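Have a look at this one.
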Amino acid sequence: MNTVFSLWSSQKGRNLIVQLLMVAGFLGLVWWLVDNTVANLARQNVATGFGFLENNTGFDINQKLIAYDESSSYQRLLLVGLLNTAIVSVLGIFFATLIGFMVGLARLSDNWLVSKLAFLYVEIFRNLPLLIQILFWYVLLIEILPHPRNSFALGDMFFLNNRGLYLPWFTSLSGGNIVLWAIALFGVGWFFVSRQAQKRRELTGQKSSYTRHYFILGVIALAGYLSLWGVPFEPNLPALKGFNFRGGLSFTPEFVALLVALSLYTASFIAEIVRAGVLCVAKGQFEAAKALGLPTNVAMNKVIIPQAMRVIIPPLTSQYLNLTKNSSLAAAIAYPELVSVFAGTALNQTGQAVEIIFITMSIYLFLSLLTSFLMNIYNARVALVEK
Amino acid sequence: MRSILKWSRENLFATRMNAVMSVLSIWLVYVAIEGVFSWALINASFIGTDKASCAANPHGACWPFVTAKLNQFVYGNYPMGEQWRVNIVFALGAFGLGLLMTKRVSFKKEVAVLMLTVYPVLTFILLSGGFLGLSYVETNQWGGLLVTLVIAVTGIVVSLPLGILLALGRRSELPIIRIMSIGFIEFWRGVPLITVLFMASVMLPLFLPEGMNFDALLRCLIGVSMFASAYMAEVIRGGLQAIPKGQYEAAKSLGLSYWKSMRLIILPQALVVSIPGIVNTFIGLFKDTTLVMIVGIFDLLGIISFHFTDPNWTSPQVPITGFVFAGLVFWVFCFAMSHYSKSVERRFSVTGENK
Amino acid sequence: MSEKHIIEITHLDKYFGDFHVLKNINLSVAAGERIVICGPSGSGKSTLIRCINHLEQHDGGEIIVEGIPLNDSVKNIDFIRSEVGMVFQQFNLFPHMTVLENCILAPVWVKGVPRAEAEMLALQYLERVRIPDQADKYPGQLSGGQQQRVAIARSLCMQPRIMLFDEPTSALDPEMIKEVLEVMVDLAEQGMTMLCVTHEMGFARRVADRVIFMDEGEIIEENTPAAFFDNPQNDRTKLFLSQIIGD
Amino acid sequence: MNFLKWPGVKVSKVGLFSFVSFFLFLALAHLQSAKADTTLDLVKKRGELSCGVSQGLQGFSAPDDKGRWHGIDVDFCRAVAVAVLGDAEAVKIVPLSAKVRFTALQSGEIDLLARNTTWTMHRDTALGIQFVGVNYYDGQGFIVRKDIGVTNARELDGASICVNAGTTTELNVADFFRSNGMDYEISSYEKSEEAVAAYDAGRCDAYTTDQSGLYAQRQRLIDPDAHMVLPDVISKEPLSPVVRQGDDVWADVVRWVHYAMLNAEELGVNAQNVDKLQESINPSIRRLLGVEGAYGESLGLDNKWAARIIRKVGNYGESFDRNLGAGSQLKIERGLNALWSNGGLQFAPPIR
């Protein structure tokens, strides 16, 4: 007891005691919760463990980017849900950024009308709960769009109805995948070649013809392959068969409603971030650019935006993360993303709430921590450049 | 007239590009206004008692749905005879907020303290009753705007102090307190709110000893509050970082203890700096209350969409009308908050220039 | 001898990471003594006085203030802080409080002095630093010199026995330096124990009992002002003085 | 970063305080948990039954304009409440989506799930729940718009189907289409009313659920007459109230509430004549109404338990009639749900 008192009188001792108590309390709490849960589950004889991931799901879902049917496992379902989350998030991020930058810059426009319009956009979309927006777009889509038989059509290739949006697409025949991979590789190569070209230009001041040569080479290779082995693709056009359109590339109304709502909502935040970022770059910078005789768009692209980006990127990333998390609201409109299909349907079919919620939360947590981690690296780099 | 022309030449048609943009914008405004007007007013139905009254106007709003159900939208299934209690709570809240927002009031601090301490208790007593001669009203009878506001206000009242503690914890020198704060904050910020609500609404009793349980709405409130606290903590941390190091040192050199210097010196300044962020968190929280609908609590949005299934009102216009109405209500609240925060910000930035 | 010493520093060592900021500092200050510490920037002079009220924690050696060792004990730190006042280069007034509120804060919250009493005391000290009429203004509304004088009054309100000044005039415009120095001279003449980090050589000549020259974390030279300025012993001191005067 | 360092005086006080309060909380919780045992005791102590029902399925559980819940499932909740607590109103109706119902039951959020839930082997064995007895025999069917020209389920090849997520319906429809080599597109909605609304808006060609549900949901469509229920029944759907596994006392109570209602119908005891029949000489009736024997007590209730149910809620036939049958809007035939003596499947073990 005496030692505790003497520890208590020094600051380090106090800190130590407080922290030990906190740890003990925390571990106690965790132990208590786990203990209760295990006891509760055991008493009721609820199946536990992750063995269910191997079982067949027995149900189908309406959007899958990889092969999946009723006989697939829950593991597969998890992956399908995750990919559905990913596709809507990636596209959402793309459109939100596009719209957000346009609106954000429009708010700074000299044109009174344009800037007020952008202001209106931001105020409307930012102040409306996302869930209402998702439900609104969804109801609008399925109520207003026609039945497949009366689809809006564009040249027998594009169709829009209350079952979705249908676009022409292609199917790969044998060898098609190889060509697709080759094109992807070519794209990656393009990145390196153009960087090399830029370096050379900076060093020598001369325009290099690397990229042009690279491109020509690629085209020749492709043409050679196609002429030797033929085109390994065939068009896949949507057509009305029975109740619905089949073939082609299709997007369900759930997907479209979610994408529209997520993009428009997040764009309103991105617009504000962009505006604040640009305003943050000192007015002096703009004046300096002007004084050098740079035209407005060059000043914007070469001086203001690059500097603003430094301010913009951290909050922008957190908006991206929010968008990804917000895609979980799809549960309300039956878009089969991770939360709705895994933490919803699968949870109910298997009854293993603890395991499923644990997996789901871990995935989101992982994404979030990964983003924070990357952001910290970025911030550290930017901070270094500043010095 | 000439000045209008001059103004528009300078502001709308200064360059060719500008003129194109202006024309485009005018067209957009026209289309939007025309669409909204014809839907909400010209083609809309206004009187009636069931879906038949809206059948005549298939391309317009079905406002009778809103007027017929307004009581439920505001109070949920709160017993008619007891609704005066809700009204008192609303009125007191509005009065308190009014005082806080009036510039001339000198006793704002006292009002704020009352609003954060006495008001929630009073609200709880009035709304749930069970003693003082008030009949007990179960929380599953609460609904509509009432629940939306209860969740939002609770979230606000809880998340502010909790967020402050977490922010201080995150900046603490004690590594374990810091790590635990970071862990807490990152956890709640990392997971989607609906998984949190799901846990709170149906799974929580699984983690507690058998037979121990508490009210469903309360569990939702806890979930929402934890979630909001984590966001609040990050906002306040930003404010704390903005306070110059000299302030900490001066407080220390005067002999103020940690908590005193935080309460008297650091937080009063940090909170002012964070006002925009705090209000944004409030707005986010307010919007997020709609998510409780997914776990079966009838907030405003929840109760509106619940009434879509009333056989008397199944009509294609009803859902859109309902969502527009819900959107309008939420929008007014959120816009008012953001507007107020901007005016506060402006006021502080003006005094800031004096420094 | 040691009873008369209000501050006793022996073998003081301090590191910032790997950087050895203070190297084996030994310094005794008698009650009522006025010491000016000077030296090039980065010489550790600010760190030295910041160690005395535990704004920096020292890594080796001992600091004894009024017979109480400055160690990890919370009670001792609190006691020493209430006995030692500090004035900063950047004033560090609390911008959200009026001048008067700044001054009564510590007496009320640390010592538990009744508010009315604290206000009287504060007004008295504000008068002493010659700004009694600014009591209800906010720091942001005052000039730099006025702010620094408020900061001095704020420290005095705790009725410390020792005052530490950390370059109190270097953030001020020339015309304001004078008004702050006058207050400090005043204070010195009333017998306050003072440790000043400053480059105001006129001030040093006028009030200091001792001038200490520090460089690279060591005390290089220590002498009466007259001897120090007119007949510096060390080469580094000479170089430093020539640069100062060359300014 | 030295400026962050502070004497930890008050930090520790707060830490200590939270620590102590946490342990007080733990102790309290343990006190409480030590006392708790069977659900029956819990319900009695609480004075209220927490009963999970569907969020709105006419005939089974749906609120009226005043927010009062009606339906055969709600009646069952009230019957249990009146048997256990003596008050048919001492019941908290908890509307649950299909997705959360089992979790809510497992976790203890509700004491009893009466939510037109299909009894399947997987649910019975793996979810930690127990089905007590079929209170409605059902089968899954489809509803379609008349104008799409489909007359039976086999013609639905390639159709879009709306279902309620997390139900056996969702699994059966997959089985049905797969076993018939047919193609389909499924849209699974969190709530049944969302699925119905989507179907009504034309998002799907057919909506599928239990037959009883199809009739109930048809009432909600914008133009009920434009839709028809296909004749096919593609599955067996025995709907049963559910309790947590491992609490046999409570399972017995709930099971016998159901059987008491069935026995009452079989013996001709109903809400009108229950008081008169106290003097009946029929020993079966006397046992049911607690005049003879101590059957209620062996359940952990009192002997008038069944009499109370019949007085306040009625027998099974009355409840069926009022909510689903001739006395309701749905006008569903008794069919499989007639008593065994009338050619149906409802057969209750005797009270003796």
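For the reader, a short list of remarks on this structure follows.
Per-chain residue numbering starts at 1, and chain names A, B, C and D are given in the order in which the chains are listed.
Going forward, contacts are C-beta pairs under 8 Å (C-beta built on N, C-alpha and C of every residue); 3 or more make two chains touch, one makes a residue touch a chain.
Nothing here was measured: the structure is a model prediction, and the numbers come from that model.
With centres computed from Cα atoms alone, the innermost chain of the structure is B. Ranked by distance of CA centroids from subunit C, the top chain is D. Averaging Cα coordinates per chain places subunit A and subunit B 26 Å apart.
Subunit D has its Cα centroid 40 Å from the Cα centroid of subunit A.
One inter-chain figure worth recording: subunit C and subunit D are separated by 78 Å, centre to centre, where each centre is the mean of the chain's CA atoms. Put simply, the C-alpha centre of subunit B and that of subunit C have 50 angstrom between them.
In subunit B, 173-174, 177, 198, 202-203, 206, 208-210, 249, 252, 257, 294, 316, 319 are the positions where the chain touches two or more neighbouring chains simultaneously.
Subunit C has residues 55, 74, 77-78 in contact with two or more other chains.
Along subunit D, residues 3, 5, 7-9, 11, 15, 29, 100, 103, 106-108, 190, 201 each make contact with two or more other chains. The part of subunit A that touches subunit C in the complex is made up of residues 9-14. Only residues 8, 11, 14-15, 17-19, 21-22, 24-25, 28-29, 32, 40-41, 43-47, 58-62, 69-70, 139, 142-143, 147, 162-163, 241-244, 246, 252-254, 331-334, 336, 340, 344-345, 347-351, 353 of subunit A touch subunit D when the two sit together in their complex. Residues 244, 246-247, 249-257, 260, 264-265, 268-269, 272, 351-352, 354-355 of subunit B are the ones touching subunit C in the complex.
Those residues of subunit C whose C-beta lies close enough to touch subunit B in the complex are 53-55, 78, 81-82, 84-86, 88, 90-96, 105-106, 109-110, 138-141, 151, 154-155, 158.
Chain contact summary for the complex, subunit C toward subunit A: residues 71-75, 77.
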